[in-house]
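Notes for the one structure printed next.
Labels A, B, C, D, E, F, G and H are assigned to the chains in the order they are written; within every chain, residues are numbered from 1.
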Amino acid sequence: MANETTTTQPLVGIIMGSQSDLRVMNAASEILETLGVPYELTIVSAHRTPHRMFEYAENARKRGLKVIIAGAGGAAHLPGMVASLTTLPVIGVPVKSSNSIDGWDSVLSILQMPGGIPVATVALDGALNAGILAAEIVSTFNAAVADKLDKYKISLKDKVMRSVEELKRGDRDLD
Amino acid sequence: MANETTTTQPLVGIIMGSQSDLRVMNAASEILETLGVPYELTIVSAHRTPHRMFEYAENARKRGLKVIIAGAGGAAHLPGMVASLTTLPVIGVPVKSSNSIDGWDSVLSILQMPGGIPVATVALDGALNAGILAAEIVSTFNAAVADKLDKYKISLKDKVMRSVEELKRGDRDLD
Amino acid sequence: MANETTTTQPLVGIIMGSQSDLRVMNAASEILETLGVPYELTIVSAHRTPHRMFEYAENARKRGLKVIIAGAGGAAHLPGMVASLTTLPVIGVPVKSSNSIDGWDSVLSILQMPGGIPVATVALDGALNAGILAAEIVSTFNAAVADKLDKYKISLKDKVMRSVEELKRGDRDLD
Amino acid sequence: MANETTTTQPLVGIIMGSQSDLRVMNAASEILETLGVPYELTIVSAHRTPHRMFEYAENARKRGLKVIIAGAGGAAHLPGMVASLTTLPVIGVPVKSSNSIDGWDSVLSILQMPGGIPVATVALDGALNAGILAAEIVSTFNAAVADKLDKYKISLKDKVMRSVEELKRGDRDLD
Amino acid sequence: MANETTTTQPLVGIIMGSQSDLRVMNAASEILETLGVPYELTIVSAHRTPHRMFEYAENARKRGLKVIIAGAGGAAHLPGMVASLTTLPVIGVPVKSSNSIDGWDSVLSILQMPGGIPVATVALDGALNAGILAAEIVSTFNAAVADKLDKYKISLKDKVMRSVEELKRGDRDLD
Amino acid sequence: MANETTTTQPLVGIIMGSQSDLRVMNAASEILETLGVPYELTIVSAHRTPHRMFEYAENARKRGLKVIIAGAGGAAHLPGMVASLTTLPVIGVPVKSSNSIDGWDSVLSILQMPGGIPVATVALDGALNAGILAAEIVSTFNAAVADKLDKYKISLKDKVMRSVEELKRGDRDLD
Amino acid sequence: MANETTTTQPLVGIIMGSQSDLRVMNAASEILETLGVPYELTIVSAHRTPHRMFEYAENARKRGLKVIIAGAGGAAHLPGMVASLTTLPVIGVPVKSSNSIDGWDSVLSILQMPGGIPVATVALDGALNAGILAAEIVSTFNAAVADKLDKYKISLKDKVMRSVEELKRGDRDLD
Amino acid sequence: MANETTTTQPLVGIIMGSQSDLRVMNAASEILETLGVPYELTIVSAHRTPHRMFEYAENARKRGLKVIIAGAGGAAHLPGMVASLTTLPVIGVPVKSSNSIDGWDSVLSILQMPGGIPVATVALDGALNAGILAAEIVSTFNAAVADKLDKYKISLKDKVMRSVEELKRGDRDLD
């Protein structure tokens, strides 16, 4: 379990606007554990704790973080505002919140950042991919993580090939 | 001309994310002049000047402002972030910026605020209505502005009735 | 319980197109009670009781109301029509009705008002924010409500910080 | 030219929210002239002349009108509000106004009427079809108009067949 | 019960693309019974029984029908194709079928007819309004139906006023 | 049951991005069996088994396949990538996957292919139609399949006519 | 030039709803000439010449056609209606007509066909791809066309490789 | 000018589907030059040169690249397919191509990647932000680039503050 206080220096900071986003965002922390990338995870709300957000974003690089993953729903300002306060790469996860208009609000308010302030946006509720992308960024200077990513890619292929074999044996049940 | 330094105490603060938004946002300042509501106008970028935004929003009420009008395009975070930092009513103007996806991005990232942090959103490029709405808010405690709003409403009706008369006279030119 | 007959002079009028909108609109009345803003609540249908709507809107200011909150679904004409008949600020709540096309109809028919007749639109089903926005408008001339809004904002932050603490303690249950 | 004062009793009332809609709405009056259906045409704004709208809609049937065509853009409330005030068939023309979000706003705010208050909606900027539909309604009790509609339908077919002939002759110029 | 074989001459023909549309389209027949307008109801599929559709549409006027209501889902071609084969007014009901993309497909394929061939489109799943609109068309030459429509409009208002009274009595249960 | 190893030479290859797509794609194989067209069915993932996809697509024609049906969800690249690697007709089935944005992602990423590389796209989750379309293509050189398609078309009409009869008998139950 | 009267037996029939669609649809005929596939081209309007459409579709197979390409805009019923009247493969080209809502209407009214009646839909204004797809279908029984398709695919690659070379030489002008 | 043959080892590979994307993608190369990050730029088409794409993606890491920026329009498969063939971070730029449906096709076909294969998506035509994001990734292991990013962020702020000063001086010209 990796929370705010981890023994290894976290390289990835996972933040989200509300506790209810954990349902989606846990996939990011789980894959980072699988890929051996130390991380921290906490709640930072752009709209309810703006000063906390400022502090978190402005101190992230000096605290040793390499990437920030920020998930939020609705008019999702957390990823973009964090990106305005750091030069670390920021990955945005649009969360489909309960009163979202089919997810379009969080997707567009994270993706359509103005020139100068990028957010690396992943798919709606795509926290798994946010975690992998963070690991890919870490892998640019960490060969061990690059190796783990290679193994993960092979495992994806193997899973497909197992379904191929099942189908060949005449087993067409849905997984 | 009413800029940051006006002699009368401004009641409405008009801010926008970039100088290019002036094209749209000027309509707010013009109608406020018409309606006799003192205002100030400046540029505050959520993403490029986040500290300036914090300072502007947190000092607004104590500086005597009653309403803030905030215009922005694309992933438009200015209105919502200002609303997170003040309890004054904040009016958001979605601006259709040059690389906008038909305006949907600015509309949704201003409108779909989470519970607790409202933004009073007007139509796409609706700075005129933002100005009128600000005056309506001022009119709740200022009878002179209420009177001017009544007169403005009558002028809208009169303009329609003049077109009605022109049509009756057989003049069907487009205006 | 604050209905049409309240002992204190109501400052906010909450109206909605149909009894079925109460499910959504109750959040506006509840937060106004929390924030100490007297209100009234009733049903006014633009399409089924157009004369009642006219009367309600035209008498609102002289009856002492300061703000009107109007909720409606589908082709939602109530907020805009009320705005055409008063110079009070009108807050529109797009309600996602049962046969709505994902809420787009109510959002667009409330938001996209023509120049001259503003409606302060909040998020889909955003009645809570409509109530807070109404209180913010009242707070421009009522310091007690401004204080309550400050306290409410702090309570939002406190709730986030409690989740932060829970996460630190290793408790990652969803709320 | 058929304006408010025509010698023949108008059967169709064409109204629109603003003079700028004439550009689109003229197609309705032209086809009604072609089909021999007397009509009147004027400007009635739901938001700027709400009382005029009430009076127009409530008197329409007793003045002898059989159908009302109402065109409006943006948050287009005119067709639906007129329909709430009369039991005549009301045809709505969504006009793509200058600040429209690609026409979706006028389409949805005219089309998505609640149960009980229908508006017969035609295509975006579809004033020609609104005029034909009005004539079709008149044709249910007027054989002369039914005949003219038959001839019109044949003329549509003949125009296609002429293009077929042109193509056969090897002429593939665009029309 | 009014099916294909009714004793009174049907004035309205209700058709739909598939038996599964009955769930939605029954609302049209029920309101026509309430309003005293004789009708017939059957299934005509544009894509599976195109010849039947041709025959139905081309014979409708001579069989005494005054209006056709056509409901269909997905790529909904029935209303538009019927309109191409008759000069009677055709009312289109976009049905939200099981694999519809949120109803957009049926709405757009019924609404956006080319110039010359109108379809009077009502809201998604709006069969009730289709029935009322058909009655309004019949009312242009039938005073008894006009009277029933007046009474129906009053009943809509009365239902709202009853909810108003319930709210006044402090009963805020949802209906 | 026809899997990768069928005794008859398969003419249609049905592939899909993941085992979970079987739920939708089975409709293609079932109709091909009905229409007497030999096929094979397997899983080929563009993103998890890209080399397998290359091999499958490049060998398809020489292996005797005449048509490829490819189903995928989300950012669905399988149909288009297969089309880039073969000159056989490729039919794309947009699958509405679990985190899809209402199906728009798979529809657009299959449909909007650049000039030079067509994909024959069918409706969202339209695997049944993909199978029929494949049979129609086979029918261009195989009269037996053409006959079966004729019979299938008649069966569609017969099913409608049976509902017509049921309705005539007064049975308005939903199917 | 290949019009209705060509000396070689046409294998592909290109039809479109109006002469104005030629601007888009010519790309289909041009690529078919390049690929050596005989075709015919004419205008068939679903809404203005429904009988002509019936006759065209029902006679297509017996006249020797193997594929039909049908282009139409707005509420585009031509491809689907033709598909309901033949068992030949029908390719639908959504044309972005002048009053289209950004092309969504023609895309959805062609793509979202009900089960049983497929239309092979290509991209908006994708007539070039419709022609190639028709040739791919012909190639399933015609080796000469398969060869031409191979050569065409190579030419696409060669064009890309020429731009690669230009960029290498430092020439970054836009094409 | 940095093309395929640069003397410094390129760290970022910029690829795009067609020469016409250079108009948009040049912004990525320009900002990388400003930020001192060596890069290469070439054309790789997923659909027209699939083997070249495979080779490029599979060799990228061993050739020393740290990040790949891939831009494409319409059904944009290049970024996702490259991501399926490498474990380097891949940044996707949705390009609004000429026949795009308002950019939605390229946005969704790049953004909505399935779990396991992330693409870091930036705004529509957001090549500038793609370049900055690539530099941010490089900055995680390269302090010189981190410094340049800090300076760039300050320059963005300075540009805003200059507009603020211009406005104060009464100069409200649009930039």
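Keep in mind that, in the parts below, a residue touches a chain if its C-beta (ideal position, glycine included) is under 8 Å from a C-beta of that chain, and two chains touch if they have at least 3 such contacts.
The chain list, named the UniProt way, goes like this: A, B, C, D, E, F, G, H = N5-carboxyaminoimidazole ribonucleotide mutase.
Please read these numbers as outputs of a predicted model, since none were measured by experiment.
Student: Name whichever of G-H and A-B has more C-beta pairs touching across its two chains.
Tutor: Of A-B and G-H, more C-beta pairs in contact link A-B.
Student: Could you figure out which pair among E-F, D-E or A-B mirrors the A-C interface, over half of its contact pairs being identical by residue number?
Tutor: E-F
Student: What's the distance between the Cα centroids of chain B and chain D, rounded to whole Å?
Tutor: Averaging C-alpha atoms per chain gives centres 35 Å apart.
Student: Return the distance between the CA-based centres of chain E and chain H, expressed in whole Å.
Tutor: Taking the average C-alpha coordinate of chain E and of chain H, the gap between them is 52 Å.
Student: Just how far, in Å, is the C-alpha centre of chain E from the one of chain B?
Tutor: Computed from C-alpha means, the inter-chain centre distance equals 43 Å.
Student: Quick one: which residues in chain C touch 2 or more of the other chains?
Tutor: Each of 18, 48, 74-75, 99, 101-102, 104, 107, 111-114, 116-117, 119, 123-124, 126, 156 in chain C touches at least two other chains.
Student: List the residues on chain E that touch chain C in their complex, please.
Tutor: 102-104, 107, 123-126, 156-157, 159-161, 163-164, 166-168, 170, 172, 174-175
Student: Quick check: in the complex, which residue numbers of chain F touch chain H?
Tutor: That would be residues 17-18, 46-48, 50, 54, 73-77, 80-81, 83-85, 97, 99-101, 104-105, 108-114, 116-117, 119 of chain F.
Student: Quick check on the complex: what are the chain H residues that touch chain G?
Tutor: 1, 3-5, 18-20, 22-23, 26, 41-43, 45, 48-49, 52, 74-75, 99, 101-102
Student: Give the list of chain C residues in touch with chain B in this complex.
Tutor: Contact set of chain C toward chain B: 27, 61, 66-67, 87-89, 91, 107, 111-124, 126, 128-130, 132-133, 136-141, 146, 149-150, 152-153, 156.
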